[in-house]
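Structures follow.
The two complexes that follow have chain A in common; it is paired with chain B in the first and with chain C in the second.
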Partner chain A sequence: MEGELEEVERQLRGAKGVPSAESLIRYLRLMRDLHIRDSPTVARYGNILLRHYRSHLSEEELWTVHEQVAIAALDSHALPFAASVVRAINRRFPDSVRAKRLQGMYFEAAGDYGRAEDVYRDILVGDNTNETALKRLVALQRSQGDTPAAIDAMKKYLDVFSNDKDAWEELADMYLEVLNYRQAAFCMEELLMLSPHNSSFYVRYADILYTIGGPTNYKTARSYYSKAIELTMGGSLRALFGVLACCAHITEKVSLQDARSRAQIELPEVTTQALLRIYKQHAPDKLPFVEPILAKLAGQSERP
Partner chain B sequence: MSVHQLVLDSAVRDWVFIPLTLAIVLMKLLTQYMHQLFSAPPPSNKELKEVREMQAVTRAGRLRAMGRFIPETSYKMRKDYFAGEKGLFSQKPMTRSPQEAMATDPTVMVDMMKKNLTGMVPQLAMGMVVNFFFQGFVIGKVPFPLSPRFKPMLQRGIDLASLDVSYFTSLSYYILLLFGLRGAFSLVFREDVVDETEMMKRQMNPMGAAGPMGVDMESMFKQEKAALNAVDHEWEMESAEERAVDVMRRAIKAKKL
Partner chain C sequence: MVAVVVHQGPLLKILAHAAKFPANSVNGVLLGNCVESGSVEVHDVIPLCHTTLSLAPALEIGLAQVESYTHITGGVEIVGYYQSDSRSGSSDLSPLGRKIADKVAEHQAQAVVLLLDNKQLEQFCKASADNPFELFRQDGTRGWKRVTDGSKAAEGADAAPSLQLKGGDWKKLREEFFTMFKQLKHRTLHDFEEHLDDASKDWLNKGFAGMGKFLLPGNAL
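Here is the complex of A and B:
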């Protein structure tokens, strides 16, 4: 599908004058299906499509395209154009909640936060389970820079819709912004359970634990960095450095008893080797800087 | 048998065929608009609390399946939240079972009445009208020969053994239009054309329709609580270091790093 998209993009860029309706429709459809955010381009081509080839679209797709183009225009801050599209949608679907939400998003983009909030609250009065309106309220606070209020709104949303991955991720970010690491760790735990195969979540969770500090947290962080190394086949530099940093902080001695403690003793050494190899291969000019750091980390972990 | 041709009175066309067609089309239009009128408010009868409980059950299920990816203390905290003494699943759910909802909420009954009103009542009335006014006319002939088995289908209301099967009667025409017009109507009304066959199916099997909306949340809570209590936490990261060392050793050996 990505290949198809590239082909259509080439067609569009190569077109002299107004591109053909077919390629425009196909481009917008692909962008919708692949969830790619390239708002300025979508807004530009969408504008051409809606102006020249309205009749080429079926009734359903016409309004889907309207919505897509409206959001893209808002995202790229093309306010006059967005206003015209949003108005058209509102005229066609006067009672639609989705149309109302677009209206609210327009106010948001225009900086009229009070009216935007009114619109969303109005939607929630009619249907208090409207997910998107609840989420917009979070975004509203976030774009005004009021992170604590955004956190409260997000908590309210997640209390009900507790399976929303993106929301958990956003909440984790917001907690990190206000330096509330314990809550951020909680959110990362939810994310780990939601997608246990995403190595970046392991690294971020370990980062947070490492930041909180304390002997138990260092150990746990080391385990999670190790898991990230396992998942990326040693390709995540952040995880490799993380393991070393954790090992440097863990002072308690382990005696050689089983496979696990042996691995814990060998871990810093093997990680250092891996790191050196990666640097040698991909960035040999950085080696002189890395070597002393690694030596220092290793020296710390060997200290009794 | 194939020799004789029936000559139909043109009055039959003027006073049976055309009025019958018109009457059916108008009735269909009427039911269509009535349906749209009554079903205008979308069924947003879901309460926020009900959604919350539904989602909580999903989340608890995930905790059971994926709990091995988080540390034990975090797991215990969540388990306590769901299945503890004062946990979510120890309380009485807000979601009512479908039977309860039926008994306490009159709108459920009213909705069903409305559906019947727009669906079946006009059809029955129309059937009676057609039976009364337009019974017993031969109003047309299909342009191809048919086997005698089609007789009860095409010649309803007239019991003549000698009549050729390809002639059809007003009553059969009525039934044909009743079900056949849906396709034509779906061209005009994009959404929700009243579908008689669908409606019939629903009436035949009311349990099937009620299935997805009614969940017995109380028993689900109990089940989930028991399941959570039955599962022990096993930490996936227990041996993460060993595996990391293995992976790196192998990668170094294979010169992949």
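Here is the complex of A and C:
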């Protein structure tokens, strides 16, 4: 199909005057099927097609092309043209959610956030779990820099789509932005349940607990860093340094009798060796800077 | 008026760090010397974080490594902190930024803060402003206070510009920034967090575009 697209593009570029209806229709079809993003070109050829050859298109394809061209025009910020296409779609389908969504996206592109919000809220009145509308409301608040409002909008989205990992990650980031560590930790707990094998979630969760601080959090953070070390087979610098930093904060004595405690005593030493190995292999020039830090951290964790 | 003199190389690195992660807030530390009576000279910067500035571990380990680097190489010390926020609008040092700056000031009482302000960066790129940076210094018990740039003060005011570019050529800094951006050289800068994700990434940025002439004295390691 890519070869076909090249051929059609050549025809379009070589055309004298208005290109043929057939090549324009084929070009837009190929761009839809191949999901290629070249918004300015799609908007340009779509404009020609809709102006000169409406009658060459079936009723169904006519409106598919309208939608395709409207999104391309918004994407390339051709606002007056986008407005005319979006208006046509809304006149033809006054009750369609897809048409309203385009209306909202037009207001967003034009910087009219208030009216965009009205449109999305209106969609939600008819369909209170509409995915696009709920998501656009988050983006809308974020682009205005209102993190607390974006957090509220994201919570509403996650009430419905609670398995969306990207959304939980974004919510955690937003909580960190406003320094709400407890809620950020809660988001990471959800993420750990959704993907129990993603080591970076363990590290992020431990980082949050370490930042909150306190004896219990240092201990929990240490075990999550340890889990991340296990998952990365000792390759995560963040997790290795994290374990040492936690150990340096944990001062209570452990009983030598049980095996788990013995493992905890050996943990700083094993971690230190792993870090030295990584630095020797990948960043030998940094070794002299790292060695004194490791000695200091190990010294702290050996305190009686 | 005590001066803060910054070389072009470190400023270019801060601009590169912000340009590499345009959607994120970034930070790092300033290296240099505190000379007589509170004046500070900045020779280099070490970029630290870009994923989030609000978590302690990466920042703590990064600061520790930089400190150890300055002790071993000698010649320079940590003399300040820089931050560039992803969000435009606020040109003030955020509460979090103040907390981190306090931590840096524990090492060096004369520490200064450079804030790369988005609005001013825009003006800088359009050549309608010379200096995109805001300078903050500790003001006794009142915490971090913006130091008003004398060059922006009313004409005839005798306050010296508080943030000075070594050589004074802001136009050249803009040109170098554009060249770097066009050649995508800002992508070759690595911060400490990137080093944590891939140990071979060099947070000292010894090979950073055109930085050869800004190598530190005693940088022989």
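The rule is simple: the second predicted complex is superposed on the first by the 201 of 304 C-alpha atoms of A that agree within 3 Å, B and C clash if a C-alpha of one lies under 4 Å from a C-alpha of the other, contacts with A are read in each partner's own complex, and residues count from 1 in each chain.
FYI, contacts are C-beta pairs under 8 Å (C-beta built on N, C-alpha and C of every residue); 3 or more make two chains touch, one makes a residue touch a chain.
Note that the structure is predicted; figures quoted are calculated from it, not measured.
Once the two complexes are laid over each other on the shared chain, residue contacts for A:237 go to chain C alone; chain B is not touched.
Look at A:58: by the touch rule set out above, it reaches neither chain B nor chain C.
When the shared chain is aligned, chain C comes close enough to touch A:286, but chain B does not.
Contact with chain B, but none with chain C, is seen for A:226 once the two complexes are overlaid on the shared chain. More chain A residues lie in contact with B than with the other chain of the pair chain B and chain C. Shared contact residues on chain A (touching chain B in one structure, chain C in the other): 278, 281. Those residues of chain A whose C-beta lies close enough to touch chain C in the complex are 145, 173, 176-177, 179, 181, 206-208, 210-211, 237-238, 241-242, 245, 278-279, 281-283, 285-286, 288-290, 292-293. Residues 52, 54-58, 60-61, 64-65, 68-69, 71-72, 87-89, 95-96, 195-200, 202, 204, 221 of chain C touch chain A in their complex. Residues of chain A touching chain B in their complex: 59, 126-129, 159-163, 185-186, 189, 192-194, 196, 220, 222-227, 229-230, 233-234, 243, 259-260, 263-264, 266-267, 270-271, 273-274, 277-278, 281. Interface residues of chain B facing chain A in the complex, by the touch rule stated above, are 44, 46-48, 51-52, 55-56, 58-59, 62-63, 66-67, 69-71, 74, 190, 236-245, 247-249, 251-252, 256-257.
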